[in-house]
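Some structures to go through are shown next.
You will see two complexes here that share subunit A, one where it goes with subunit B and one where it goes with subunit C.
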Partner chain A sequence: MNCRWQMQRRKIFYRWLRIDFIYDPKKVSMLSKVLEERIYSLSILLVVVVVTASFIFPATFPTFENFSQILLNLSIDTIVAVGMMMLLISGVFDLSVGSIVAFAGCLTAYLMHFYQLPVPIAVSIGLLASLIIGWINGYLIAYQGINPMIQTLAMMGIVRGCALLVSGSGIQNLPYWFNAIGQSKLLNIQMPVWYMLITIAVFTFLCTKTIFFRRYYYIGGNEKAADLSGIRVKRMKMIAFIFSAGLAGVAGILLSSRLGAALPTMGRGLELRVITAVILGGASLSGGIGKIPGALLGAVFMGLIANIMVISRISGYWQEIILGLILIITLWADKALQKRYVST
Partner chain B sequence: MQQLRLEHISKSFPGVKALDDITLEVKQGEVHAVCGENGAGKSTLMNILSGNLKPDSGTLQLNGKFIQLKNPQDAFAHGISIVHQHLSLADNLSVAENIFANQHPKTSFGLIHYADLYQQTAQVLADLKISIPPTVRVASLSQAQKQMVEIAKALAKKPHVLILDEPTAALTDTEIKVLFNILDDLKRNQVSILYISHRLSEIFKLADRVSILKDGKHQGTFTTENLTKEQLIKYMVGRDLIEVKQNSIKQSTILLEVKNLSGKKFKNISFALHRGEIIGLAGLVGAGRTEIARVLFGADAKLSGEIIKEKNQLHITHPADAIANKIAYVSEDRKQLGLFPEMSIQENMIAASLRSVTRYPLISSAKSSQHAKELSEKLNVVARSLQQKVGQLSGGNQQKVLLGKWLAVKPDVLIVDEPTNGVDVGAKQEIYRILKTLADEGMGIIVISSELPELLSLCQRILVIRKGMLVGELPVADATEENILSLAAH
Partner chain C sequence: MRSVLFITAFIVVFSCELPPKHATQQNTYSRATDTITQIINEEYVMITTAVTMPMYVNHDQAAFKKWGEKMGVKVSILGPAEWDVPAQINTIEEVIGTKPTGLLINGTDPAIAQVINKAVAAGIPTVVYDSDVPNCNRHAFLGTDWYQIGKMQGEEMVKLINGNGKIAYMGILGLTNMEAGFQGMLDVFKKYPNIEIVGKYDDKANVEEAAKITADVLSAHPDLAGLCGFDSNSGPGMALAVKEAGKAGRVKITTVDWEPEHLALVKEGTIQLLVGQKRELFTWYGAQFLYDMVHKTNALSNNDRQAGITNIPQTINTGLLRITKENIEQFIKHQ
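Our next item is the complex of A and B:
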């Protein structure tokens, strides 16, 4: 009796909130479809955040300059996040990407500044170095069975040290053509944003359409079953680490080009930021799920929140606290709603 | 006198009515079997009794008193204990810590009393005639031993009502006998037992009464004395079953030859498989049958020996090599080793044959859905759509999806390991029929099974493995359950 009365009240309350459609079974299935796919639910959330912020800060928020600034700020993170998404889909992750960003940038700058190597050669060597780091990570984790967290945590320290070794306190006065990579514009949009969009597009295509990348979903879904299905899991895992390190290398070179300098502190804390963005974007630490565009959406969500807090002049200390809280609440609400409306 | 009474229990999940107005009573000191095909609602019923699920409506009575089970702890408190079909043991802990999980004996300081713990465990295990030291880690036990520990865990709580969900699926015949003796003892001590099994012969051997569920509805409760096997099956599936007929031995070309094959757990195995032939590997759990299959398939390393397929020597170091040579292995333990439970039927079906659904080098979704559709029609997979997650399917349908995944690679040699474990009678017959048809089409099939009637009705020859050695080869005409067992157990 009591229970029925409660239901009735809840129904009235939901009608007032205009979300009483959740009692309509046909619409529930649509809702459950949205909730089932993080890309949809996060997109809707992003639209809500953008519209709300535009109403609250009509002069400062919804401007072309602000949006292109937000995208520019998150372009480096997103390129790294694409690689991280691949790793998380296959059920592993890499903590050394932040250090690789610093090392690739510093090594490239070092070669150009002290050895006067031409830009393309220096960039190639910088990329090659990050691929080798990825290969070492991947080999030790996939073939020797070292835990990915321990391996990449150790590598994070080693590579950060290497970045300090080559660059000291930082290298400035980089060649014009090098700076042009990250500082020029196309269609009035900064180049790093284009690189980011290209990376997303290419990897989205690869991960949905090619056998090679499709295998990562099987590996993350059930590693043993994947191996018994003829997928060479060890080799595939090693390659995922090489890819992810390679993308981190690209991001590092891009970052130092954009800054016009290579600093050994570049990319500090980036690995955790990227993992958070990717998880927000629909990946799971247990592997098997996630889509590449989710990496972009997750990063955009975090970038938007940070931007809105800057515009509303919230103090730096509070920003970190609020960002953390928003992440927890978002993931928690998603879990709670899924539990309720998605049949398992 | 009645012990446990369920009245008008109903439970729905989105899209399914899992239980529809079930009324049952279990008397004190009786073994009450619950039968039904996979998906009939048995597991839902057990989950309600163990406090894992709350019924939408209906009541539970224990000894005439209404009870509510909000969580598993409530069920324990009322003396209801369950042995789950899928093991619920912590692999990283010792046998003793698993059996007394969360109710360790304590010292006077409130700390864990290890001496007592091990002693009590030893007592429980001795009662069950299980010879496992209490301190050994569960991870190092065989599947059958784990199952016995699971049973010990349920009994350690000294329950009034014991629920067993497919307890014999992983057990060998000797262990089954021990289990049945234990159940007889419990029955004499006035414990009520709810027993779920697919093995009908067990039900007739053990149960006093049997309740039959079909599509969530109660079909009736019968005393086993007044029921024949045929009647029972009819109630469960709603139709008569056709037994698969024996095939005569065909003489044809040799497809696969194995010479002096040795692996870590077996030695010097030699045999030949002809086109269109089904051979069986019989033996106790842990005899090395699965290991032979895994080495043939490249999942484990080969120590020595030759594998020759159609006069070509094969060098197989990884399952990918085996697949390239058209050898397929349908693994046992489909949840752990076979399927991708969070992925769709379609994605599971193409998992081993990604190359065949491409317009190179891109995956063609039209081709994959075409592919999956053909296979699921051929194998009669029952599902809402091909996009449904495999984890949501019943055991029989999961097994068919797994089989489909391997038929997609168009193998010449198909190895199936415990193909009907945890599969209901209807689906079992379908799987037998599929295997027969495949053999008739020219495939060579190796069946590994612990169910001897299954081997006897499917195979033309049966190889018996004991402790990693091939100890006998019986043409099916000479094979009986008795002579296979005497070779296997010795």
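Our next item is the complex of A and C:
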């Protein structure tokens, strides 16, 4: 009764605004569908942002070079965001990913530069080290019950310290074939963009088509129920941390390769950027929801806003404030619209 | 189906482009002078990392803005708020696409060489300031030698403690310029066997962290003779902890930078030496070099590009300031 009265009241309001077509039942259901899924609403928002920016900066924004640059700049963050999305779906997160990015890159560079190890062996050891860090995180959190925030915060410091120990002030002059991993181009687009797209495609397939990965939604939705239904929650959580750290390791090696140098300061603040992108892409800190392409869309949204601010010469003082405000407004508007239309 | 896959694989393999084997030097002067004839909406862009760091804001950026006002041209300051070199590289890459008149880049790390070469190859006059970037095609560099900063601190500390005692030092670990500074100081101490280094610490450019480290070091080594600092916040942090321990003046402190708080600490005798950089000169003259290059001021030939030269100096060492209790008044009055 109350609901009907509310609908009637809205109908009158929208008629007064002369936008009563919103209450066409078919359109309401379409709108509900779009708003129900963050990836759809975010996609629409992205199109709006791109079109608007193209009109405002016609000479500099809508160019192939600029778009490929945006994608290149967000490729490293997105690869890490895929792992973070998996963790958030299962209801946990990892603050040490930024440090793992630095450590994997520095260790790989160290082995190539000081021990002259061949590129594939050094890269494999760098990746293996990342996986071991992920395993330690996962084991202590899942099996020993340490709080994920405390564990990964401590690991963040340890791993950053190791990166500093290994690389000192950074390692330059890396082998040509290592640099080629991140600096080569395919169809005039730099390789990290392709690696990012492959990562997204593979993990989207895994999370939608395989029973193993779909279990993370059950774990994030209700951990106890998942446990009672026979899912090995602890093992699954540990594996999620290993995947996340592995992807951070891939990102770190790619970043070093792209820069042609390994810096111990790489990935500083990356964890928060990635968590923000993933939440924006539809995940929740309480777990159970989120889709892998959402990680890409969240990162693209942040990358686009950052690019537009650079093109419009907004000073660094304002960039973080504006980005923060846009994120809050976007999430708030999304929630408000969902409440209004999805529930009716 | 097979033929489609084969054709796709063929296209993919043959459209793959490997990076060049070596950085190309021939682009150093490429198209830089071509922009001269068509200067429309003249804009000079400064790109740094940690754009909100007070030292950068008060010295580098203030001088750059002042230069822009004086010359009547647009100046923009961009870069990440945190110390994030990859983010600085991303910003430079994005700015190159907008074709600014000139780029003034803080040489935060040798890793930015590649993107500087990209800017130069795109025909944008590019000047590096603060720390030089090896293996890059920048048109000019203005700055100081961080090794000399460390050496100056080391030599003063040796005098202050008579070449005898325990020393600890701190700064932001992992930064190329600071590591060079550490090395300069350590090379001086090597000659004095009675000087013992008790620790190298990362204060994360944070006053509280520097104070905490100093307090811990003082507890572990009550006979500590001296402290050397290498970032803007090391000095105030070290001085705070030394004062709290009641050892002001007894534990000697040398550090960098000359903000009002540093000067006050020298005046009261807690800090014995400040090594200052002439940061205003980095950006003022850096911007002026860009302007002169674009406007062909003092052209040295009919066509500098074809002659393979530039009309600006290639490397400028702006030198260091040595601030002690003897000359402190001049700096306090100036501010």
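Just so we're on the same page, the second predicted complex is superposed on the first by the 322 of 344 C-alpha atoms of A that agree within 3 Å, B and C clash if a C-alpha of one lies under 4 Å from a C-alpha of the other, contacts with A are read in each partner's own complex, and residues count from 1 in each chain.
The definition used in the following text is that contacts are C-beta pairs under 8 Å (C-beta built on N, C-alpha and C of every residue); 3 or more make two chains touch, one makes a residue touch a chain.
Since the structure is predicted, the reported quantities are computational estimates derived from the model, not experimental observations.
When both complexes are superposed on subunit A, subunit B and subunit C fit side by side without a clash.
When both complexes are overlaid on chain A, the residue A:261 reaches subunit C alone and has no touch with subunit B. For the three-chain arrangement built by superposition, the Cα-centre angle with subunit A at its corner and subunit B and subunit C at its ends equals 140°, in steps of 10.
Once the two complexes are overlaid on the shared chain, A:335 sits clear of subunit B and of subunit C alike. Of the two partner chains placed by superposition, only subunit C is touched by A:315; subunit B is not. When the two complexes are superposed, the chain touching more residues of subunit A, out of subunit B and subunit C, is C.
Put simply, subunit B and subunit C get as close as 23 Å, counting only Cα atoms, in the superposed view. Only residues 208-212, 214-215, 217-218, 221-222, 224-232, 288-289, 343-344 of subunit A touch subunit B when the two sit together in their complex. Remark: subunit B residues 13-15, 297, 299, 318-320, 322-324, 329, 331, 336-343, 347, 351-352, 354-355, 358, 361-363, 392, 405, 409 touch subunit A in the complex. Residues 12, 15-19, 21, 43, 45, 51-52, 76-86, 89-91, 93-95, 97-99, 109-111, 113-114, 134, 173-176, 178-180, 202 of subunit C are the ones that touch subunit A when the two sit in their complex. Residues 60, 63, 65-66, 69-70, 72-73, 76, 163-164, 167-170, 172, 176, 179-180, 183-188, 255, 259-261, 263-266, 268-269, 307, 310-311, 313, 315-317, 319-320 of subunit A touch subunit C in their complex.
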